[in-house]
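What follows is a single structure, and I will ask about it in a moment.
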Amino acid sequence: MTDAQGSTSVSVGASAGAGARTAPGAALLEVEGLTSAYGPVRALDGVTLSAEAGRITAVLGANGAGKTTLLRTISGLVRPVAGRVTLGGEDITRAPVEAMVGKGMAHVPEGRGVIAELTVDENLRVGSLFRGKVEKSEFDRVYDIFPRIAERRDNPAHTLSGGERQMLVIGRALLAQPRILLLDEPSLGLAPRIVAQIFGLLRTLVDSEGLSVLLVEQNARSALSVADVGVVLNLGRVVVTDQARSLMADEGLRHAYLGF
Amino acid sequence: MQQFVNVTLSGLTQGMIYAAFALALVLIWRSTRIVNFAQGSMAAATAFIALALINAGQSYWVALIVALASGFILGAVVERVIVRPVEGGPELNAVIVTLGLFVAIQALIAIIFGSSFQSFPTPFGVRGFTIGDTTILLTPTSVYIIVSVLITMALLVALFRFTRVGLAMRASAFGQEVARLLGVRVGRMLTLGWALAAVVGSLSGLLIAGGGFIYPAYMDSLIVFGFVAAVLGGLDSPVGAIVGGLILGLALSYVSGYVERGSALVNVSALVILMVVLLVRPGGLFASSTARRA
Amino acid sequence: MSESQTPAPDRPAGELIEEAPVTATAAANVPSAQATGGRSFLPKSTLLRHLLVLVLCAVGAVILLEITDPFTNSQLASLTYYAIAAGGLTVLTGLNGQISLGHGALMAVGAYTTALFLQTERGEEPLPLPLILLISVVTATVVGALVGVAAARLHGPYLAGATLALAVGLPGLAVYFQGTFGGDQGLRVRAPQPPDAFTSFIDFVSGNAATGTKWLAYVGTICLLITYFLLANLMRSRIGRTWRAVRDQEVAAELAGINLGAWRVLAFVVSAAAAGLAGGVLALVVRLAAPSGFSLVLSLSLLTAIVLGGLGSLLGALLGSALLVFLPPFVTDLGGSFGLDNTKAAQIAPFVYGVVLIVAMIFAPAGFVGTVRLRWMTYRAKRAAAGRATNGG
């Protein structure tokens, strides 16, 4: 893993992204007034936020704040009641889930989403299926970034540890050459050391490859340490949006919503 | 000794057919968590189509291909139109829907083709090979059955292991939501899975019919045998289904070969085997406790 | 095993919740007190209310049997055994959520028992009919308990497959032990003659001829009324509520100290008892107990009856059974008028059953009675809400 962090020079996917590159700092994914409901319960209530290109945007909040629903609604797994989602200017609010990855959005769901019955290598290949034929060198690059999973490429994915699974799904998402990566609770159940490694790697990919990340985390401290911008959700509404640094400094806010 | 060999051979031959049918059930179960109780009726329908063609003067092979193709279409249509609305819902609903389909197709066959017994041809002889001066119960037809089931299995393995569609189908079966997020058209893959399963089911229906008689309900026992074989193997495992099919074929063959008037007891024996397995090893004979859905 | 049976765990949870799946047993969810509350003309006590309904139904049944012709009488006799079996299945599937395709086989147990006890040496009198039917019930109950013990550990497709194997396998025993059970030909049943009291009763009520057919229709009706009276009380009792809890709130019920397995076995036993009685009546009415009478189609027909009626309602089971009796002649005639020969036209009925099962599950999982009941309750709830609104404002 340590050499994984060292290998910052490798170049993966994102540069060859599905659409035109968006200049760093410009809004890439925009969410406006997004509302979704489970029966009479509103899980999201008019959420507006934007994730900028080449940045890590962290969505924070307590359990039940609507973080996971937000990602699921953005990627189409949950149909919104109202609101709009645009990616690079294109309205994708009602696009089918299967089409999202082709539009440049890779969503790694909560619980990591490895397909346990498939091998590590097959999991990666599923990630690139929609692109048709993919050069072997792209797989090699992912294995270069994550040597740990390269060793286990022919093992069934259910034999991987939590950290290895997280590496696998991030690697798989990279093979889709996304413009934006949606990550749902990547730190869940991982040892702090592994979380730090994975977040560090994420930072590297963003800085060197121009990848953009929308990160949902309950572990606010770790998330803010890696993110550029933080959005705090509470009961389905955005409480505050600010630079990660300022959020870190706001003790009252941290106590009230972030639990540290 | 000679009887033992003969009973074993016929058990293996029957077992291959049960294995194919069980495999079809497993393919569907893995992808949609539904046991397709209509599979026997669907296979019977394709057998009647084949017989109609043969009676109209077509060769066995043309009839076989048309029957398998119609099985493919039938499987796809059934999944898309009838099963899709209850997929992922309460499991009782899906069970009832496939049972309804089972009755409806069987009745429809009777309405169109009649309920009488009709003889179904086989392209090869049914007289056993001779070794020295003894004739054993391995007939050209049973060789045909064994070989065609083996070929089918090899094709399925190749499809799932080595093709992109096969990978997409497995991804859809094991992780629907993840597969959708990765851009796999899961709905299409499920339809394809049902269609392929129907082809395999149809093949087993044609093989068991060869050299015998068909009537609308002739697959009823095979549904039970296929289900028992699939459960023996754990319902989730293709390899398990094949081994389960062979074990069941042998067991039932010994019952009917060694027990006086044992052929009347074949169905009951299948029931007994099923109950024992479900009560003692509900996960199947080969259930390893590895996290199947970790 | 339960792990591997969880249906499609990868299904997007959001979709499921959004679409609010209507379960097959929705109709049975309707709380009984609410369904019957607010009708002041009925007695408050459940038992008294059921007794009153029982008496009314008995009177209605006598009137129905006396104003209809002998052919309809025999049809109604068939209705009674379907309805008895469907009533038992309603408890099992509707209330307790277990499916059974083996009820045809359990009916066979009852039918063969009745047939065997009615076979007597020349000049010897068979046991009294009620006793024979009771023995049939007991036999089927014992078999049902055995099946139930196994079934209690299974659910969904596994249970369906196991009971399917039962339905296909059990008739084979009748063929194997042909000395006792008559093989493929089955056992002829010599139906007992109507007693004198019955003749004078019919003479008193309507003056119709007290034929054997009519007597059997009455026997069936009496069995039906007793069965439904008992089942209705059971369903409204603590036992019925526990069954619902076992079905809907498996985990909660277990945490509350309910032994799930035992309650599932009990449901199976009760429904097997009903199936045994139904089999006995069937043997009398059809005058034959043969393997071909207890095919898979019989079990699936019963399933159709309860699904159509709306799983969990006895009235629904009765209406569904009526369909099983009155639909076949109707559609067979219809088929005949389209030029189908008799054997082909006779297959239209099972075709319709199959279509009904599919369509009901896709479009109206609550069944006919259930759908009407749900509509009615929605309507009442809306009216009540409107009433509150006007009062408040």
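For reference, chains read A, B and C in written order, and residue numbers begin at 1 within each chain.
In the analysis below, a residue touches a chain if its C-beta (ideal position, glycine included) is under 8 Å from a C-beta of that chain, and two chains touch if they have at least 3 such contacts.
Treat the numbers as computed from the prediction; the structure is a model and nothing was measured.
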Problem - Of all other chains, the one whose Cα centre sits farthest from chain B - result: A
Exercise for the section: Can you figure out the chain closest to the middle, judged by Cα centres? Expected result: B
Completion exercise
Cα centre of chain A to Cα centre of chain C, whole Å, reads 54
Exercise for the section: Compute the distance, rounded to whole Å, between the mean C-alpha positions of chain B and chain C. Expected result: 32
Exercise for the section: Could you give the separation in Å between the centres of chain A and chain B, each centre being the mean of its C-alpha atoms? Expected result: 43
Practice task
Give the residues of chain B that touch two or more other chains, as numbers and ranges in rising order.
Solution key: 174-175, 177-178, 180, 292-293
Fill in the blank from the handout: Contacts with two or more other chains occur in chain C at residues 12
Fill in the blank from the handout: The positions of chain A in contact with two or more other chains are 77
Problem - Of chain B, residues touching chain C in the complex - result: 29, 32-35, 37, 82, 85-97, 99-108, 110-111, 114-115, 174-178, 180, 216-217, 220-221, 223-224, 227-228, 231, 234-236, 261, 264-271, 274-275, 278-279, 282-283, 292-293
Fill in the blank from the handout: Seen from chain C, its contact residues with chain B in the complex are 1, 3-12, 16, 21, 23-25, 93, 97, 99, 101, 150, 153-158, 160-162, 164-166, 168-173, 175-176, 295-297, 300, 303-304, 307, 335, 340, 343-344, 347-351, 353-358, 360-362, 365
Problem - Residue ranges of chain A touching chain B (in the complex, touch as defined) - result: 75, 77, 97-102, 106-109, 113-118, 122, 125-127, 129-130, 158, 172, 176
Problem - Residue ranges of chain B touching chain A (in the complex, touch as defined) - result: 164, 167-168, 170-171, 174-175, 177-186, 290-294
